[in-house]
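What follows is a pair of complexes built around chain A, which joins chain B in one and chain C in the other.
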Partner chain A sequence: MASNFTLSMKAVDDVVVLVPKGYINDLGAVRIEQASEQYFDKGTRKFIINFADMYFINSIGASVITGIVNKNLEREAVLCFTNMKKMHRDVFEMLGITKHVRVFREEGDALIFLHEGE
Partner chain B sequence: MERKTDLTRLLFSISSLADLGQEVSSAKDVEEKMRSALYVVTGMFSVPRAALLAYTPRRRCMEVLAGKGVDAAPDIRLCVDAVHLKSFPMNELVACDDLAGSPLYERNREAFRRLGTKTFVPLFAKNECVGALSLGKRLSRNAYLRSEKDALKAAAHQLAITLQNARLFLKLSEKVAENKRLYENMRQIYLDTIQAFAAAIDFKDDYTKNHSLRVATYAAAVAGDLGWQEKDIEAIYIAGLLHDIGKIVIDSGIINKRDELTTRERDVIRTHPQVSYSILSKIRFPWKNVVQFIRHHHERIDGGGYPDSLSEGELSEGAKILNLADAFDAMVTDRPYRDRLTLEEAFREIRRCRGTQFDGRISDVFCDLLRKEMDGDVMQARILPQLRKIGALQLEPAGTLYEA
Partner chain C sequence: MPFRILPEEEFIGRGDDLLRLYRRALTSDETFVRSALLSGPRGVGKTELLKQLFNRLFWKQDSVAPFYFSVNPAFLSAADFARDFLVQFLHQRLAFESKDRGLITLSAPSLNELAQRSEERNDSWARETIERFRGRSSDPLDALCIALAAPHHAALATGKPAAVFIDEFQNVRLLHRNGNADPSLSSLLEPLLTSRKTPCLIAGHDAEIVEIPVTAGIARLEVAPLSRANASALVASLSGGSGAGDAPDQLHERLNGIPLYLRCVAAAVQGQTGERNFWEAYARELLDGALSLYWSSLFKRHVPALNARSTALAVAYEVCRAGEALTPAKIASAHSISEEQTAMLLQALHAAGLVQGEYGVYRPPDDGVRVDFIRALHSTSLLGKHPREVAADLFGARRTAVARGAAVELSLSKSRDAELVAAQCLAQIGRNLGVNEEIIGQLQIALIEACINALEHGDSEDRQVLIRFDHSDGRFEIAVESSGREFVSHETGAPFYKERMREDASRGWGLKLMQKFTDEVRFERTPRGTRVVLVKRFGTAEAVQKEGAVNGK
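Right, the complex of A and B next:
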């Protein structure tokens, strides 16, 4: 079955914004982990995941997000979640993920926070 | 607020167990299936580091089948005795604190450290240990709630059954591989026996040493060039090896006679395709049409051949190929009654008999193939090495064949 998931990335100064699109419900979503890993290795320590185009997240998706959050914690990087739908927020809160990330309504708010934090 | 979270958790657990069922019953290969299943479980409980271990009773160890966050350590192995396993509840969570001090933990302390195990779930299917699930600390830092333990138990049960099925599948695959090896061995013995028969046939004739092997090689080469399937190419190769088996019953004096044969002697010689057929038709070959190819290898497309005087439309492609391969080898080797033809002469003879004795298309394919081999335009020459062995190439500059 083809994955219904795509990932776009952009760098805004020293911040990397990951924009997953579609359904994070299979191992295709591991690409988010791999992408953030590559940026970690290049020295990036500020990340935003913008969930605006993400419709559905299941346990596999939650596992991928868990992995990214954990790596951010281990490397003392800052991770922001933005544009989350209620469903995402409920699941991430229930799983205790939001304890470890900064949550913003819009991507722009997170960018301001990360830039001001310098 | 608490009730809302409980409801979200319940719905997420139910949906995750459904995901798990879908993953383990998917058509993915075992490793990918188990990796997906592990991701489902780690997502259910927000665990960043985890491993699914498969138990191998013969080696008394558990090895990492799928890992998350432990990928850099695929060599991790837990040494496990049956006695270790009996002390744990089946498919239920064992906290690391409860694990500490157990023989299993003490013996594998380093492996547990590398796995980052905080929770260990021995996996049992039908009372048989099939593996274990190692879960690291949760991102939420929370202890497992009663409802989460129940969900984990349900997930563990599914994982255990999947592991057991994978183990059965592996056993079956090993059995299939073993049978395939046995089949290949038997096939090789079969081929060797047929080659021995072919050598025995050729031994009878002072002039035709390795004739059957060469005919088989030429015929297989032409069939391959015509796009035949592997199994059918093997069939015509076998037919080539055995096509003259009927000569075994013919008096050597006739076969090796230097003078011209009498009509009676020629009639005797001409019985050999039919005799070959009679001998071989009792054998149930694993290839199709071998005996028909052999029976008709002296038929001509103009209907002037023997034993059945078949016409072009009645002859199979295999019989036509074998006919040409046999005739060509006869042309380029010495016979008791005449010297060999040069390659150029043989080509001219094939062209002369094209459309009467030989099929036009097969004649062209054979001549083209030999030219290509001589020009080095093929990956692996098959006809040329045989011609070299019988010294048929010494006289031939390649270009003369084009003129012929």
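Right, the complex of A and C next:
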């Protein structure tokens, strides 16, 4: 069965950009979590999740994302959310996630912020 | 003996159900078959299915002994019930074992006659049961226990399990001693329902049956209304080739594949042709036909006090007219009666099947025929309208119904990401209506959450989730129904979670998401399980206002 979720990643200097595509349920969110863990173990401290290609997220997936945000806070890593549709932003706001991440309209804006932060 | 069954040409569309139940009953000879509730709306044909099953088991095999018992509301004292149950069981069991025509055709035998027959046949288990029953008959509770244990003892003695069918099971709630109903008496049926030797199929009014504690956790076997093709075939069969043709589509939609209704209308049309004649036959049935008699008798049985019937009818009409869930308090204020009296009337109407009720709110029945019956009865009895005028009103209502948005129904099985199928279906319906993409997206998120809950908590054997999309007057209504029951609090209607899930904090967010992205979320108990209804207005000022508020955040 074809998956309704894919995750692509790219490194831009010291920033890792995660681009989930499709439906983020528990399994999809765990894949995002595992990917960010791997990069963190390799020393990455700046992350962007670009939600441009996310169609849906369910409550379980959103909850796993909350865990990712909390881990990044504890480890003093910087996490940015970009390209969110309004309804997805509403979901994250309801969960209280957006208070703890940097939210940008575009991925480029987040990259500028993270690079300027250096 | 329950040998009066419909001829094969009128028992349409039930072959698969009958075969499934027949095979299920036969496996009880070798494996443990759990007792089950034969579930479905009134008039769908559960009683007929049980009787057909009894007949097939009685005549076509001899490894499982069938026993059909319909709980007679006239025999609800513990003593009467016990005697009725035991006599019918012994009669059917002895007849099954002997296939003795004299015994089979014996009408209403006495315990003495049955004792004599068991002597002649040297059925020691039957003699012992009768002796024990007679010895303890002065104590109704003992007598009841002995009677209810008879199928189990017979199975142990003969090595043949009993397939027990109990119809009108909801009446066991009214079992009594000394004239005072004692709901705890129904718990005495537990050994019968849980014995490996006596798997039971119970049937009756689902909404009342599920309230009986002894049925908690019982499996459900759904009896669905007839498909459109089978409904048409039934109408054609009942018309007897008189050339009446088929009923019009909108009437079929109204009758919803319920054999009881189809039979009533087919009989009333009396071989006449044409759409108008079918509608007039339907109107006659509602006003003064067998269909009216059926619902009137239920109404009268559950609202026995003559002086309460007018108020009860007004209350039922109010619930149907409102088209939304009403609390007893709201209805009471509209009718200047006490909230307590209103609640009692609503409970009686609920038991009669004329309103639906759960979590302290009441709604019109799902079934359009019942709504039409209430309207017709209200118009004739309380408003004094002439039947011709009422029929004209019904046709007006039909035109309104036709003008409403067509419903789309979807059935989901539990599979990975099945909820996305529902979400995509919703998107297409929304686009066809020109609904704003933002609103579609919000509803999709709410629908995904409702589907996840339903798929996760469904507990019937088929594990299907049924989704119905309705739209009219700038309003979407999506009903997600599953067989699950345990995830909704009876007091508040809010979902709660099993311990395993409670540990996972995310599981509370589903309801919040549903509430955030819709205008209304309500939980309804259905005969099948639980239904979550999501309501979202679109294209109205209110929707735009709410949309603006969400955007503002």
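Here is the rule we use: the second predicted complex is superposed on the first by the 113 of 118 C-alpha atoms of A that agree within 3 Å, B and C clash if a C-alpha of one lies under 4 Å from a C-alpha of the other, contacts with A are read in each partner's own complex, and residues count from 1 in each chain.
Just so it is clear, a residue touches a chain if its C-beta (ideal position, glycine included) is under 8 Å from a C-beta of that chain, and two chains touch if they have at least 3 such contacts.
Since we're looking at a predicted model, the values are computed, not measured.
Novice: When the two structures are laid over each other on chain A, do chain B and chain C clash or fit?
Specialist: When both complexes are placed onto chain A, chain B and chain C end up clashing with one another.
Novice: If we overlay the two complexes on their shared chain A, which of chain B and chain C does A:Tyr23 touch? Say first, second, both or neither.
Specialist: second
Novice: Per the contact definition in the header, classify A:Thr6: touching chain B only (first), chain C only (second), both, or neither.
Specialist: A:Thr6 sits against neither chain B nor chain C.
Novice: Under the stated touch criterion, which partner chain does A:Lys86 make contact with: chain B (first), chain C (second), both, or neither?
Specialist: Only chain C is touched by A:Lys86; chain B is not.
Novice: With the two complexes superposed on chain A, say which partner A:Ile97 touches: chain B (first), chain C (second), both, or neither.
Specialist: first
Novice: Could you look at A:Asn70 and tell me whether it touches chain B, chain C, both or neither (first, second, both, neither)?
Specialist: In the superposition, A:Asn70 touches chain B alone.
Novice: With both complexes overlaid on chain A, does A:Ser59 touch chain B (first), chain C (second), both or neither?
Specialist: Both: A:Ser59 reaches chain B and chain C.
Novice: Pick out the stretch of chain C that clashes with chain B after the overlay, from 272-280, 452-460, 470-478 or 524-532.
Specialist: The segment of chain C occupying space taken by chain B is 452-460.
Novice: After overlaying the two complexes on chain A, where does the chain B footprint on chain A coincide with the chain C footprint?
Specialist: The overlap between the chain B and chain C interfaces on chain A comprises residues 25, 58-60, 62-64, 66, 90-91, 93-95.
Novice: Going by the contact rule set out above, which residues of chain A touch chain C in the complex?
Specialist: Residues in contact with chain C: 1, 4, 23, 25, 56-60, 62-64, 66, 85-87, 90-91, 93-95.
Novice: Touching residues of chain C toward chain A in the complex: what are they?
Specialist: It is residues 416-417, 419-420, 423, 438, 441-442, 444-445, 448-449, 452, 504-507, 509-510, 512-513, 516-517, 550-551, 553 of chain C that touch chain A.
Novice: Help me check something: in the complex, which residues belonging to chain A touch chain B?
Specialist: Those residues of chain A that touch chain B are 25-27, 58-64, 66-67, 69-71, 90-91, 93-97, 99-100.
Novice: Can you check the complex and tell me which residues of chain B touch chain A?
Specialist: Answer in residue numbers: 4-5, 8-9, 12, 15-16, 19-20, 32, 35-36, 39-49, 68-69, 138-142.
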